[in-house]
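This is the structure I want to talk about, given as structure tokens.
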Amino acid sequence: MTIPAPLTGVVPPVCTPLTPDREVDVPSLLRLVDHLVGGGVHGLFVLGSSSEAAFLRDGQRRLVVESVVAHVAGQLPVLAGAIDMTTPRVLDHVAAVTAAGADAVVVTAPFYALTHPAEIARHYRLVAAASPVPVVAYDIPAAVHTKLPADVVLDLAAEGVLSGLKDSSGDLGGFREVVSGARNRSDIRGFSVLTGSELVVDAALAMGADGAVPGLANVDPHGYVRLDGLCRSGDWEGARGEQERLCGLFGMVRVGDSGRMGGSSSALGAFKAALHVRGVIDCPVTAEPQVPLSPDEVERVGKFLATAGLL
Amino acid sequence: MTIPAPLTGVVPPVCTPLTPDREVDVPSLLRLVDHLVGGGVHGLFVLGSSSEAAFLRDGQRRLVVESVVAHVAGQLPVLAGAIDMTTPRVLDHVAAVTAAGADAVVVTAPFYALTHPAEIARHYRLVAAASPVPVVAYDIPAAVHTKLPADVVLDLAAEGVLSGLKDSSGDLGGFREVVSGARNRSDIRGFSVLTGSELVVDAALAMGADGAVPGLANVDPHGYVRLDGLCRSGDWEGARGEQERLCGLFGMVRVGDSGRMGGSSSALGAFKAALHVRGVIDCPVTAEPQVPLSPDEVERVGKFLATAGLL
Amino acid sequence: MTIPAPLTGVVPPVCTPLTPDREVDVPSLLRLVDHLVGGGVHGLFVLGSSSEAAFLRDGQRRLVVESVVAHVAGQLPVLAGAIDMTTPRVLDHVAAVTAAGADAVVVTAPFYALTHPAEIARHYRLVAAASPVPVVAYDIPAAVHTKLPADVVLDLAAEGVLSGLKDSSGDLGGFREVVSGARNRSDIRGFSVLTGSELVVDAALAMGADGAVPGLANVDPHGYVRLDGLCRSGDWEGARGEQERLCGLFGMVRVGDSGRMGGSSSALGAFKAALHVRGVIDCPVTAEPQVPLSPDEVERVGKFLATAGLL
Amino acid sequence: MTIPAPLTGVVPPVCTPLTPDREVDVPSLLRLVDHLVGGGVHGLFVLGSSSEAAFLRDGQRRLVVESVVAHVAGQLPVLAGAIDMTTPRVLDHVAAVTAAGADAVVVTAPFYALTHPAEIARHYRLVAAASPVPVVAYDIPAAVHTKLPADVVLDLAAEGVLSGLKDSSGDLGGFREVVSGARNRSDIRGFSVLTGSELVVDAALAMGADGAVPGLANVDPHGYVRLDGLCRSGDWEGARGEQERLCGLFGMVRVGDSGRMGGSSSALGAFKAALHVRGVIDCPVTAEPQVPLSPDEVERVGKFLATAGLL
């Protein structure tokens, strides 16, 4: 399907359920998709950071896209990450995920080798030239150690290279610059500005963002859809209440924060534990080399669910 | 062939010559290998950072290993990088490069997702369990944004998980801790400690390092082999002179340092320009999205070669 | 005077005008204070980062506090930074600025030496024990290279050690955690949560923040006071418009962004140039070793003022 | 006294013993000076990072310089740190420590505010213009979050602004560039290149460095003086052995490395505990807000002393 321009609403980065031996658990994945679609989300983003794309083999990535695209059958747009270190490798992923049916690709700045704004622009131009579908920039400095400059993003939008931005930088000032530029510059049309920051979706939408890509929406899609609706109707007080409930729920990402594992193990482990506790997926295991949560930590995830009214 | 334990001497990370349309230029690659072997190097490391591994598609990576392994035909060991974000993806590269004939694999800490020493250890254990050849740890914080802790490396050496370390961290104090530990701990045998720091190879060898993996050895293998020999013979004054000549030559990595490109474009562009000027490779192009050197910058590379007596 | 608990509204970090030979220009400073008070601000913060506190000698710091406190004569609260590397040195500044009449002190985490959350808590406890006035924590990782953890701030608030937070971290998610904690924890009362992020004051107030400490309010106090009023009256659409006008004006901080100087020279140089152009201060010079703006850069500052309707 | 040009040998950064109520313990300080001078050191550096200069009030700093200068009475040169955030504040410290008799001042790049190479050069030019004694640059990125570029240092040396460099950056490649430049450039004479890296003093001297400023020399001055002598006599094998013994001893800096405190508390706490155990100083307390070592951690310091043959 053709992706809306701009894409609006809630577009969760879909977790990738795994079997105990760490293959993609397709039935659980499709149940998760049903859970999200049933929650009213407006699009799906597979193979993002919350999807453990960095941990999935090429065949697993392909299987995820094919399974989800076939299952949703055009009901809503499916964006797919093409996460790799540099242009040539990203191009291979773009070819793979679009062959599998993705409606748009989501691409970070180059990483591993030292990079530069001129190289970032060159990267996106080459990707867009080769991609049969729109390209969304993915700003995630915690992973790629480069911040996408707002002016680079806006200039590439004006050139027609980029069709949107997923901003997981946490820098709401820079985000606002892109939101304003996308609205005010006469050479930019239909550009989607999406926040990846779970904790400030209300603020991002109040600034004029088009939508949100919150990892936590895996656990509580209804909450984020409600939040989006409250913002669109101008009920900012109601939105704040809903957002604060979700902020409380987000505390689950720190259950493993005891020095025994890294932040990815803790956060993705908590999302999957919550999906398992809620009965959506069969097995809460995360990909290697992430450290699993302990039973006690999983129990604490359950308490977050209970407090947020999800049990 | 079985890799020596420890591996000693000069083991250049072999540049990957490309054609103008950025495919692997196999004839140039084999001429480069001949240039290195003719210079007396003691091993070859393909698919490292200086090889632009981060920029090579999977098929290109495979072609590099197959071509080099077939060409050297067991004359000297060929190590191959298996550079990717996480364990499952690294395992696929390990399978590919060992199928292509690599004698050892070189593996970084996980990157992109946040990691942790416990996850790094888990990563190397899983890689070693699946690898048919020895595993060398690759410490390169500038690329992966994590420093391998000396105690983690030494404990994994004692466990038999790691057979060596390539240290490109620039932290000679931490490097020394590994050198001393590898020599003094009774539970560690035959572990190779190799420096990737072009500018302090004499110091590293004086500390007891087994060898060096200098990117600049692509340009001047004879120089590094001479340096290695001087160190082994205890001629520290001669070694210092040779090292200082090489330090002067290394200045070429900054020819592009004018704000127009990143450090990778400048350094790898300079190495390839030098190999082109010296007549070793046909085309100095670097992989996308790196910015090419200007004619003026290439001319400055030539001056570095002249000053170092290589023209 | 006793500082309100919580302190609300707009509390600009007051620039420190200098004479051409870089002594404190007291008449200009008092004109600036009149400009701010006339603009309707709710408090003044002297000796903050925008005040160039890091560049002022002890005698100059004292002169600033004495001059401002005497001039405002209790009309509105005066907070003073006590910016130094560690507890003993901060304590001397606390003694000096409170002797000079400051109504509250604003204190960062320790810097220069490596620190730790336990040491940060110890630092604030010692400062509070010795301070005759309330202590506000100043979270400014760009300067001190440590982020104040939300739980440490909240626990120190509950202990009565901290009376407020000025958050210049740019991390609105963490900021929200403090806002919510300060409102919801029954053991915390009257704690002031203030944002230092010029570009998202509307969002911070919408989240429930008490006020803002925007450096740009030196240039346009009326704008920030208007913004604060619109937020308090629930006119979020009006607030957004005013905030966006201020975001446009804020672009002036980058006029020196050409590689010739650092970010502090550019931003503080622009604020002072704007105050000079607007006729508030006599001389736009910044403290050493900052690089001055060029005439062309100053002209661009003027264009930002014109666009924002301030000329 | 006039400082030698270049200054050579071992110049310890002298710890500052404190009384239980954290005033400077002058008798212990002078005993420590005697311990160092008796160990054969070639100069003293007071008010450096290992001296806890960042934690000392202005009056305490002055007392340290006056006490040490009076005590050594010209037997050997006394360098003093003038550690503060920016030029104007550094100038006040320069005036104070030179009035107190320092033979040279040691000055870092500006910190706290964002800086730039042009501002760093301006800073050193202003400091040198105002200083009655030679100025040594102090490169300590872990504290000031800027690396002094080798070319900036060398150009300032050629201008006569800087008379030396204390390099605590850990980057031996960059250090070597300064060593070589200082020796080979015809416009530079008598410039002192000193390493602050305890673990690689042998390597630094082998490269041609003039001397070392090792914090650990407080604990074992005889060892570092022996190491310096072995290097000067060209006994590199003997030097390596002595250096490795000192590397083992240096392990004490991690006794507090259990998550309970920061690196400064652990390292400086260990040095002071060792000096206390060795009977040199009366009280091992460190300045606030550092966390004290536990009895168990102090016991481990004792084991390091025993292993190194110092008990």
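Some observations on this one:
We just call them A, B, C and D in the order they show up, numbering each chain from 1.
To be clear about the criterion, a residue touches a chain if its C-beta (ideal position, glycine included) is under 8 Å from a C-beta of that chain, and two chains touch if they have at least 3 such contacts.
For reference, the UniProt names are A, B, C, D = Dihydrodipicolinate synthase family protein.
Because the structure is predicted, anything quoted here is derived from the model rather than measured.
Where touching is counted per the definition, chain A and chain C have no chain in common. Comparing the contact residues of chain C and chain D by number shows a mostly shared set, over half of all numbers used being common to the two copies.
When chain centres are set by their Cα atoms, the one at the greatest distance from chain C is B. In this entry, B-D is the pair from A-B, C-D or B-D that repeats the interface of A-C, since more than half of their contact pairs coincide by residue number. For this pair, chain C with chain D, the centres built from the Cα atoms lie 35 Å apart. Centroids built from CA atoms put chain C at 49 Å from chain B.
Taken as a contact graph, the chains are arranged in a single closed ring, with each chain touching exactly two others. Pairs of chains in mutual contact: A-B, A-C, B-D, C-D.
On chain C, the positions that touch chain A within their shared complex are 170-173, 176-177, 180, 197-200, 202-203, 206-208, 234, 236, 240, 244, 247.
Per the touch definition, chain C reaches chain D in the complex via residues 22, 49, 52, 54-58, 60, 83, 85-89, 92, 110-116, 118-120, 122-123, 126, 142-145, 260-265, 287-291.
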